[in-house]
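There's a structure below that I have some questions on.
The first chain written gets the first letter, and so on, giving A, B, C, D, E, F, G and H; residue counts start at 1 in each chain.
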Amino acid sequence: MDLEPLISRMKIGSAGETGSWRNYRPVVNKELCNKCKTCFSYCPEGVISEDIEIDYRFCKGCGICKEICRQKAIEMVPE
Amino acid sequence: MDLEPLISRMKIGSAGETGSWRNYRPVVNKELCNKCKTCFSYCPEGVISEDIEIDYRFCKGCGICKEICRQKAIEMVPE
Amino acid sequence: MLLELTIYCRGGQGGVTSAKLVATAAMLKGLYAQAIPQFGPERRGATVNAYLRISDTPIRRRSSIKNPYGIVVFDRKIALNSTAKLGIINSPDPIKIAEKTYYLDATRIAEKNSLVYAGWTVLSAPMSGAIAKALDIEFHYLKEAIRMELGEKAEKSIESAREAYEVVLWT
Amino acid sequence: MLLELTIYCRGGQGGVTSAKLVATAAMLKGLYAQAIPQFGPERRGATVNAYLRISDTPIRRRSSIKNPYGIVVFDRKIALNSTAKLGIINSPDPIKIAEKTYYLDATRIAEKNSLVYAGWTVLSAPMSGAIAKALDIEFHYLKEAIRMELGEKAEKSIESAREAYEVVLWT
Amino acid sequence: MWDLQGDLQTEGYRNGSRIRVLLTSNEAIAEAVRIARPEVIAAYPITPQSPIVERLANMIARGELNASFVRVESEHSAMAVIHGAATAGARVFTATSSHGLAYMYEMCWWIAGSRLPAVMAVVTRSIGAPWNIHGDHTDIVLLRDAGWIIGMAENAQEAFDMTLQAFYVSEEVNIPFAVGIDAFTMSHTAEVVELWNPRLPERKQAYRVLPMDKFAVNAVTMGKARMKARYDLALDLENSANVIERTDKDFGNHGGLVEKYRLEDADYAVVMMGGWCGDAKDAIDALREEGYKIGLLRLRFLRPFPKKAVKELGGDVLVVDRSNSDLRGVLGIEVSACGIEARNLVAGIGGVDVGVEEFYKIFKKFVDNKIDLGWYL
Amino acid sequence: MWDLQGDLQTEGYRNGSRIRVLLTSNEAIAEAVRIARPEVIAAYPITPQSPIVERLANMIARGELNASFVRVESEHSAMAVIHGAATAGARVFTATSSHGLAYMYEMCWWIAGSRLPAVMAVVTRSIGAPWNIHGDHTDIVLLRDAGWIIGMAENAQEAFDMTLQAFYVSEEVNIPFAVGIDAFTMSHTAEVVELWNPRLPERKQAYRVLPMDKFAVNAVTMGKARMKARYDLALDLENSANVIERTDKDFGNHGGLVEKYRLEDADYAVVMMGGWCGDAKDAIDALREEGYKIGLLRLRFLRPFPKKAVKELGGDVLVVDRSNSDLRGVLGIEVSACGIEARNLVAGIGGVDVGVEEFYKIFKKFVDNKIDLGWYL
Amino acid sequence: MILPGNTSCQGCPISLAMRCLDEIENPVLVIPAGCSTVVAGLHPNSAMKIPVIHVPFASTNAVACGVKKAYDQLGIKANVIAWMGDGAADIGFATLSASAVRKDDLITIVVDNEAYMNTGTQASLSTFWKAKTTTSPKGKGDERRNLALIMIAHKADYVATATVGYIEDLRRKFRKAGEMSGFRFIHLHSPCPPGWRFPSEKTIEIARKAVASGAWALFEYHQGRLRFSPVGRRYVEKENRIPLADYLKSQGRFEHLSVEEIEELEKVIEEEWKILRKLSTD
Amino acid sequence: MILPGNTSCQGCPISLAMRCLDEIENPVLVIPAGCSTVVAGLHPNSAMKIPVIHVPFASTNAVACGVKKAYDQLGIKANVIAWMGDGAADIGFATLSASAVRKDDLITIVVDNEAYMNTGTQASLSTFWKAKTTTSPKGKGDERRNLALIMIAHKADYVATATVGYIEDLRRKFRKAGEMSGFRFIHLHSPCPPGWRFPSEKTIEIARKAVASGAWALFEYHQGRLRFSPVGRRYVEKENRIPLADYLKSQGRFEHLSVEEIEELEKVIEEEWKILRKLSTD
């Protein structure tokens, strides 16, 4: 019996490199950023690290990080 | 197409003459009865008429009428 | 040898149980047996049937019994005219309901042994005694059968069955 | 004659709609046509395909298109190397993606006509213009098709389609 | 005469009393339903059927269709709602797919046993586990014991025509009617359809229940009567073939229970049903060009099963199935049960794409005598 | 070794390591389940299946069976609970009938597709409308596409043995197993059974899901993989025949996929399944006495279908069916699909009583060549 | 609305409740599997003076909804009644809930005998905590579901509890429901002699003890307001109630309960009253 | 607990909520059909770091119950989570209700995006009154079902409402649920950009507006007591709230609403608050 059709295994990028979905790229202004980590908490994709680096391979460019940042430290730049 | 297998028609005594199920027969003592109609209201079978006559063809002998009668006007007599 | 019996009784009187007791007794005797209830809702007081098959070879058929060798009647009010070879009826007086009819006052026996539940006299034990007797099943098999079915609560039933086994008469 | 085209675009750009518009235009011209979306969840931004078949006889087949006669590319970022006869690409500059490639700046045309919804430039109208041109479908059929699909809201789209129809170039 | 509105913004391309429009089979079914004017519609979303119901919801919202649309919480309830409405005398419609059909399965039996006319579109889709939203026929064939008329269309035109015929036939014979179309390759593929507007008769049914009636329907029923009801259903279902054949000309002339494609002189016959028959026909044409005498018997109906047409098949027979029971396909079993020696290939399960090229290869193998029972994996 | 308690107050009549007791088939199944020691049981009441579950509930309450008994609100949930428990690695059991089977139908597909071992008793009963609580096989045959092993016992002994075998086979091949018995004539008929106590191996299954795992089961799966899964299931189901045949001797020696009764020299063969085969055998004996060379092929399994045994049938064949698909019986279709020319009688629907006398008449007609396709009404 | 000589057991609460349907005009009954199916008559007989549509177990409110929608479309007046047991409310709860949320214009009556009686007294979600049934041989482990309260949380247009113990109150509620429109829900306490194990003549007495002991609260909820019914109002206060044991110990299904267990049950019941009292305040 | 690069749409609330599952120890997810199925990964990939059992639409709580019962029998510790959309709660409501009454030891999380998103935004029982969906093209005619309130009426051991708009509060509730045992229910407000028709960057803003306008109440119910959550407590009082229109008008699905309709909605919402306030008193 071949189990493979029934089993799906953990994978980063289960939908591929979703960075290609982006129209806009979030860019963090390190000057303005106070490392409050709010963007880290609210990124639906979980692509912002605790030291506020964005993994552009997978960031879909939703813009939530930009909106949530009280410091206005994130800008959405057209791809 | 024969509809009969699907249709059931109204019938008194749909389960036959259920009076035969009785072990005890409720008998109304007309002396004691004040025609309050409580037994009429509570007979599950609906076999007590408004003037407190019991239809023994169908009375199953449950004894509810005897219990509910405040006048103790109904006695359960062994069949 | 295949014996088929139909039991006529009213819901609450223990017709099915009696079939089971006798069937178990037959099994203990080394025979084969079937005990069959009526298929459908059983209402207390309403007429219901049960069936019993006993054989010395495995019983394969399981359809309903149409022409029983014997009939068993728990309640005299269930009027019956049968052409069966064997009849067993709960009645203090002799009544002929089959070629050879056994009769006994099972109600009295049951009441004497206080086999009365929620106003209903349960006749399975005495009637099974009568049936066993009529079918030539030794009493000790029936006794064992009642024990298997009822466990510790069996004694009163065994007593009733024994009395029935002994007193039943035939016409 | 059976023409099969595969449309490559990103979710939200209007690839399926463009297929429908061109198919309808072909129908109005008296041809037969199929417009086929990708079968499954479409996510905004993700690469999706659509398919288009046009024929002068009824189209019976409905399996996927494996070796298209033409390919249509809505987004230059979707890199493509094809051996198709016909290519149509949204690009300000000539790029060769097929034997004969049409190109146009559909994004600019759409934006000019403010075909932008929720941050997404919808390219169905201009791209359908380019496809119609490449397939030799007269513009008035496409115009009618856009009316059928969009009703009163059709005008801006018709404009874009017309401009595309006129400006598209080929290499 | 025409009152297409809303989704059909214009009248398209007129062709006599017909108009040509580009529609998916889902949309074509919804248009047919509009014309049939059911009074009660209830359905539950499921891919790939949802667009049918959404389009109907739109028509109703726009006032183009005077029907009650009930948003239910499940398919069991969708079928229950139309069961109730049909009992009360309304013309009814629902649609489903796959797990939805499985979830309403009990009600499918009940409505058929109740002899209530009803029409359901089934957008055929694979049943899990595992999940898969694509096309095969494992769902619709499950109705074959339940006492339903089961049709499978090949294209949007036939989906439209068959849906209209479904209302007519169902109400004529008091048996529910399932109209099958393939997931996506039909349900979501837009193509040219000629719409037209037949005058369907008023709702007709063997009985209905009204407030002052004094009878019950479907009470506990003992053996003989219950068996008689089941027999009548089976018999009337068998005889519905006559109504289907007789009215075929009124509903698009698609051939009745079957379509025979290049069969007259065929030494090799393929038996199939559903949307992929179009691809098969193209493949057959190609083989014909090469001189192979091959043809297609397209089953338009699974119930009543076209036994006569199957039995008439001469030469070698290959059944290509899109559903399986065990290793065999469901059609394979049905065809063989007609006393035909048939080979059987199961293909296209879970939406596996089988097109002209594949059919060409399969049929080639068939005429070369290289297929017995197998799966096209 | 024996630990029968509670309902079995004594050890009955010992016969070596076996004891003889008087049990209904419902009770016999419950006893087999006790011996198999499932960890999770979930079931929903329905006539005539309820006594199975009540007996199990009793065993658990008395501490005789260490299982979790989940009182669910429906059959869909009953199957879902045992699906979940099986996924987590527990041995599981449920039981149902008729509408219950129809109501859990989606889950039946899911558990089979998931390749989870599980055992279900099906007390076969007619499916409405109209309501009817009596016996026929319209319910259990509905599992034939779903990927289940489907057995039908003839008597309480076989019900007991088959239930034990079911746990073994199901866990060996990773396919759920339905054990069928007839409503009332078996489920409620007490007869002599020899109980015995085989040592079943520990629970075994192809996979299970545990808290620290990092994989998903049954995610959305595209065509090829989905089709492969369905193929594997069909293939393994077909091959389960080997396991059934091989272990037949360990589970009562009932004959494997079929029982052949007086078939060796028969010119006339009857094909049937279920409890009424006992009556048929008595009728056959009577006809044999009269010199008719008639025998019975009793199908003990509908899936895997005993194709080989059917194909080996010589002479005239009559299939007596207790379920129908259209006018034909379900077994009639299956047997004919094996390339056998068979007559087909549908009988006993909705509990219509067909006994020795009736079978005698039917078989007489058969040998007199007076039956083609028909209903015994 | 039910005729004598039907198949109900002696002392059956369902038969009694069915008689009261004459308070409702133009009734059309939709009945799923359960004792009511049997009581309403076996083919070819119907015990009912009104039309009955028998339906699958889980489908009641959906079928009823379909019937009503059709009548509305066809211009026919009717009070469509989804009449079901507590078991049907279990399996059909999704359907019932959806019907309430849609505010289907029909009357739902749950005839609650606290078990699956028709299949032999198996525990339902309504079965009283610790009651013995054939699937809870040592007493049911979990508390009963409070259907009426849940229907209030659904914002049903009319919610009432009733009992066969007080027929006038029951009839009044049937009548009231019949005169209104919208989604109307009645939860009907129905002691069942064979299922609860008491003699058939005690049906009414036990029903009344349930009220007097606080085990069954009588109220109506309408237009956002909960009101206790006159007949049971004095039992809102715990001190007016009879001991719960009086109610429980008259039934075989509770024979096994210890004093401590009954105290536990009393506590749980009082918790429910607390919520009801909150809801009854303005 | 979900990995980057999954199939969720831009700005998806489900993906965000799934991240928070790391608050719960030993989780085993049971997921029925819905967006969550897709987000969790298409074969052969799983986007989740934890085990996922995909199950039929109506079966979630029952499968979860089976999983948990098996682990209990086999001596395995786990927090089994029935993770479903509002649509799965519709079709599976009987199952959910029974699970609550049985007090199954598991966590039920309803990720409520107020429609059947995965099949194309059809109205569910949770869909906000008057919201446009593909099956309510003129706005939905009936009010949303208040799942949390209904679960309170079920006496669930723990009931909480939460929102992706306040992640700390959400995480706290996940954590709390994970540390308890018994039947735990979390109703999670989840604004969905494509379904509600707003730009993907607005998910959080809209979620917060729901709270600030009173459209979404944040509370916990535990041991018979309802407590409003700190983050939303000030909106218990109507005068502290922002206008409901602020919330509604930021979404395409409410574009068509008139001022009067919004007032109607405000009234209905205030009625619900009334009940909640009653339940929060001692």
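In this text, a contact is a pair of C-beta atoms (placed from the backbone, for glycine too) under 8 Å apart; a residue touches a chain by one contact, two chains touch by 3 or more.
The model shown is predicted, which means the values in this text are computed figures rather than measured ones.
Enquirer: What are the mutual neighbours of chain E and chain H in this structure?
Expert: Chains in contact with chain E as well as chain H: A, D, F, G.
Enquirer: Averaging each chain's C-alpha atoms to get its centre, pick out the one most distant from chain D.
Expert: C
Enquirer: Of all chains present, which has the mean Cα position farthest from that of chain E?
Expert: Computed centres place C farthest from chain E.
Enquirer: Return the chain pair with more inter-chain C-beta contacts, choosing between C-F and F-H.
Expert: F-H
Enquirer: Can you check how far apart chain A and chain F are, centre to centre, with Cα atoms defining each centre and the answer in Å?
Expert: Taking the mean C-alpha position of each chain, the two centres sit 54 Å apart.
Enquirer: Taking each chain's centre as the mean of its CA atoms, how far is chain D from chain H in angstrom?
Expert: 40
Enquirer: Need the CA-centroid distance for the pair chain A / chain E, whole Å please.
Expert: Centre separation, chain A to chain E: 46 Å.
Enquirer: If you average the CA atoms of chain F and of chain G, how many Å lie between those two points?
Expert: Computed from C-alpha means, the inter-chain centre distance equals 38 Å.
Enquirer: Using the touch definition from the top, which residues of chain E touch two or more other chains?
Expert: Residues 71, 73-74, 76, 99, 103, 106, 110, 114, 128-131, 133-134, 214-222, 225-226, 228-229, 351, 353 of chain E touch two or more partner chains.
Enquirer: Taking each residue of chain G in turn, which ones touch at least two of the other chains?
Expert: 7-10, 37-38, 41-46, 48-49, 52, 54, 56, 58, 90-91, 93-95, 97-98, 102, 118, 125, 199-200
Enquirer: Which chain D residues sit where two or more other chains touch them?
Expert: Answer for chain D, listing residues that touch two or more other chains: 43-45, 119.
Enquirer: Mind listing each pair of touching chains for me?
Expert: A-D, A-E, A-F, A-H, B-C, B-E, B-F, B-G, C-F, C-G, D-E, D-H, E-F, E-G, E-H, F-G, F-H, G-H
Enquirer: What residues of chain D sit close enough to touch chain E in their complex?
Expert: These residues of chain D touch chain E: 19-20, 23-24, 27-28, 30, 32-37, 39-40, 58-64, 66, 144, 147-151.
Enquirer: Would you tell me which residues of chain E are touching chain D in their complex?
Expert: Residues of chain E touching chain D: 8-10, 12-13, 20-22, 48, 133-134, 154-155, 182-186, 188-192, 275-279, 281-282, 351, 353-358.
Enquirer: Would you mind writing out the residues of chain B in touch with chain F in their complex?
Expert: So the residues of chain B in touch with chain F come to 5-6.
Enquirer: Any idea which chain H residues touch chain G in the complex?
Expert: 58, 90-95, 97-98, 101-103, 125, 142-146, 149-150, 152-155, 224, 271, 275, 278-279, 281
Enquirer: Would you tell me which residues of chain G are touching chain E in their complex?
Expert: Against chain E, chain G makes touches at 26-28, 30, 37-38, 40-46, 48-56, 58-59, 61-74, 76-78, 94-95, 97-98, 102.
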